[in-house]
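Letters are used for the chains, namely A, B, C and D, taken in the order the chains are written, and counting of residues starts over at 1 for each.
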C-alpha cells in the first residue's frame, strides 16, 4: 500500500524512501567504524538511547518522500511546521524539500474541501484554539450547504473575472482559499517526519491535519518501525 | 520615517535594526583582525568585491526588523521566498525570524484587500504567470463591486457559523482568504533582505508584493546604502 | 564592560546587540496587535509561558553579536553546536551568522592555547567523554613544557616549509591545530545563544568551552535578563 | 563500483541513494499533476531549463549518501561549505545530514595524511590563497620526512599524556590535527552535492579536496547524469 485517501478528495502517497532503522545505527556508529548489516538487540538499544538523549542527528540519514494533496489551510500549517520549524519553534530540522503547485498560474480546475454534515466541530470548551465535539447534524448540514453554495459562487466569479481578462493572480481573490486543494512533494528525514507526527497527532492539532499525519504514519511505520516507535 | 502605507490598509514598519555598512566590512575583515570605525574608500571597494564575488556571508551580520500587514497571498509569497528560500531556490539565507497572526484562534475583525477600479490588471501577453496592462476602468469597477459583495457575504457566513457554535478553524473556510490581511514580525539580515528585494522588485513579481518590496527598500536604504546598492 | 578575557590569550567581545526582553514580548503578541513599551508583570509571565511551552520563535527576534578568539578545538565544538545544530542534534536554530579567519592564507603569526601546570585534567571516572579532577601539578608542569616545546617545533617546521616555498595550505600540516587560536564574528538570536549556553554551561561540556560560555552569559545577561533566566 | 580511494589512506564510499533524474522532473511538475515514468526529450529540456533559471528546488528531492574518510583540513572545508553554506556564502542548501567521529573520546589509533615527495605544492604566483606548481622532488622528500617525524613525535607525546592520566580532550592538543583522518556520513540532495562539486572541482580549491570531489562525482554521475551535467 503506497497511497491513502484523506477526506473526500485528498490523499497522501509514498513516492520513495531511502534506508531503514539500520541506517540510523550505522550513521550513529560512524565514530567506531563498525557497520551493522542486520538489526540486533544492541542496535535497538542504541536507537532507544539516541531518541531518549535527544541525539537525533543519526535519524536525519533515513529519508522518505511523499506527494500530498490537501486544502491550503492544512498545507500552511504543515509547511509552517516542517519547513519553518527552525523558525517557528526552534526544532530545526531543515532536512526537507518541498515543491508545491501555485494558484498564480495553474489552470487546473480548482477543487475545495467542504466538510460533510457530520464533520463540523464546535469551538473548544476551555481554549482559544482547536475544536470540541461535533455540532448537531442539522446545523452541520446547513453549513455544508452554505459552504457549497459559497464556493460555487466564488468559482463562478473567479471564472467571470478570468473571462473579462483579469490576470489569474488577482482573479484568485474570489476563491475561498483556505479550503482550496493544493498538491506538493515533500522529502524529509525520519527525524523531521517524526517531529511533525509527534505534534500533528496530538489532540489539539487541527483535526484535518491529524488525519494527514495518521496517513503519513501508516505509510512509513513498516519501513522505520523502531525509530518511529522511539521518536513519537 | 519608520512606517510606510501600502494600498488602502496595509503597511510596513521598521521596528529596529542593528549595524551599518561598517558591520559588513568588520565581519569580512575578521581574518585580518583590523576593525574600521568609519567607512572609507577601501571599505566601499571591499563591499563591492564581496557582492560581485558572491561572498555574501558578511552581509548576514547586519540585521533589520519589520512589522508587516499584508494580504495572505502576499504573505505566502514572501514567506516562501524568505523563510523557505533555502528550500525553494537554494538561495539559502535562513537568517530570518518570522512570527505571524493566525486565523485559527484570533478574534480580530477580518480585513480584506480589495483592488480599486483602476488596480485590476489583465493577464500577461506572453507568459503563464504575472500580469499585463490594467483592464478598463468599467470592468475594474465591476470586479471591485463583485469582490466587495463576495467578501461581505463570506464574512456574514463566517459569523453565522461562529454564532452557530462552529469552531474558528473550520468557520474560516468561508473566508476568501487570499485577500485576508495578516500581520507579522520579520527579522532578517541585509543579505536576506537584499535577496528578497532583488527578486520582488522585478517586473514579473506580483505587483502587490512589489509595492511592499519598495516600502522595505525605502525604509532601510538610508541605513545600509552601500551594501544595498551593491547587492540589488 | 563589553570584553572578557578567557585563558591567557583568548577573549569574547560583545560587538553589538538588538532588542531587549520587550522584543520577545512584542514578537509573540503580533497576533493580538498590541505592543508593550515597558516590561510589566504580564509580559514576564508571557516570557515564562513561551519558554516552558517550547514556543521559542519569539526569542529569535532579539539578536546579539560577538567577536570570539579561541582555540580551534573550541571553535569546532561551538560551530558544530551552533551553526550545525539543526544537523547535529535537531535543535535547529539556524539564525546565526559566522565569519572566521582561515589558515589557508592568513599571514598573522600563529598563536596557541597551552594549558598551564594546574589546568591539565584527568580522564573522567565513569565516562568515555569529558574530564575529571586536575592531574598533579608536577605532571601538569611536565606536559605544559612538553606541549610548549612541541608547538615551538611545529612552528619552526611550518616556517621552514614556507621558506622552502611550500604553499600555506599544506605547510599548516605542521601545526598542532587543535590549540591554534582563530578569531570569528558570531551573530545569533537569543534563542540560539540560550540553547548554546544551556549545553555548554553543563558539567560534561569540555571545560575550555564552558569558560567561553560563561563569558558570553556575563556579557548578555544584563540585556535580556528575563529571557535568559527562563531559557537556560 | 561503490568506493574510491583517495590518497594513501582516504576513501569515499557511496552508501545509498534515492531517486534519479526522473525524481527531479516529477517534483518540478507537481504543479501539473503529471508524472513521468521514463525520461524523454521534454524531461531533459525541463531539467536544463530549471538549472539555467536557478529553479533548483526540484533537485532537492533526489538524495545520495556517502561515507568519507579524510584529513580534518578537508573535512573542515567540506563541512563549512556544505553544512554551513547558507551561513558562509548564502548558497543555502541545508538539505544535508552529517555525522562524524570525534577526537574527544574515540580510542581508534590516530592516522594522518602525509603528502608524498611529489605531492608538495608551491605557493601560488598571484594569489594569497591556493597553490601553484609542485616544489622540487628533493624539497618534497625532505618535508615528507620532516612531517612524518613530527607526526610520530606528536603521537608519542599524545600517548604519553594519556598514559599519565590526561583526559583525551586535552591530550589531543599534541596532535598535528590538520592532517588527522576523520570519518563521517554525509547525506545530501543532488542540489547540494552539485553545488559542492561546482566549487570544489575548481582549480583554486585546495587540491586535496578536489580529489575527494572527483571521487564523489565519479560515484554519482551514473545515477543522475542529466542533472549533474546541467548543474555543474
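Please note the rule applied: a residue touches a chain if its C-beta (ideal position, glycine included) is under 8 Å from a C-beta of that chain, and two chains touch if they have at least 3 such contacts.
Listed by chain with UniProt protein names: A, B, C, D = FAD-dependent thymidylate synthase.
In this text, all values refer to a predicted model and were calculated from it rather than measured experimentally.
Any chain touching chain A that also touches chain C appears here: B, D.
More contacting C-beta pairs link the chains of C-D than the other of the two pairs A-D and C-D.
Separation between the centroids of chain B and chain D, computed from CA atoms only, is 37 Å. Centroids built from CA atoms put chain D at 34 Å from chain A. Distance between chain C and chain D, defined via averaged C-alpha coordinates, is recorded as 26 Å. Residue positions of chain B touching 2 or more other chains: 57, 60, 86-88, 94-99. Residues 15-19, 23, 26-28, 30-33, 57-58, 60-61, 63, 65, 67, 94-102, 106, 108, 183-185, 187, 189 of chain D touch chain A in their complex. Every residue of chain B that touches chain A in the complex is listed here, in rising order: 72-73, 76, 79, 83-84, 86-88, 94, 96-99, 103-105, 113-115, 120-124, 128-132, 135, 139, 142-143, 146-147, 150, 153-154, 157, 160-162, 164-170, 172-179, 206.
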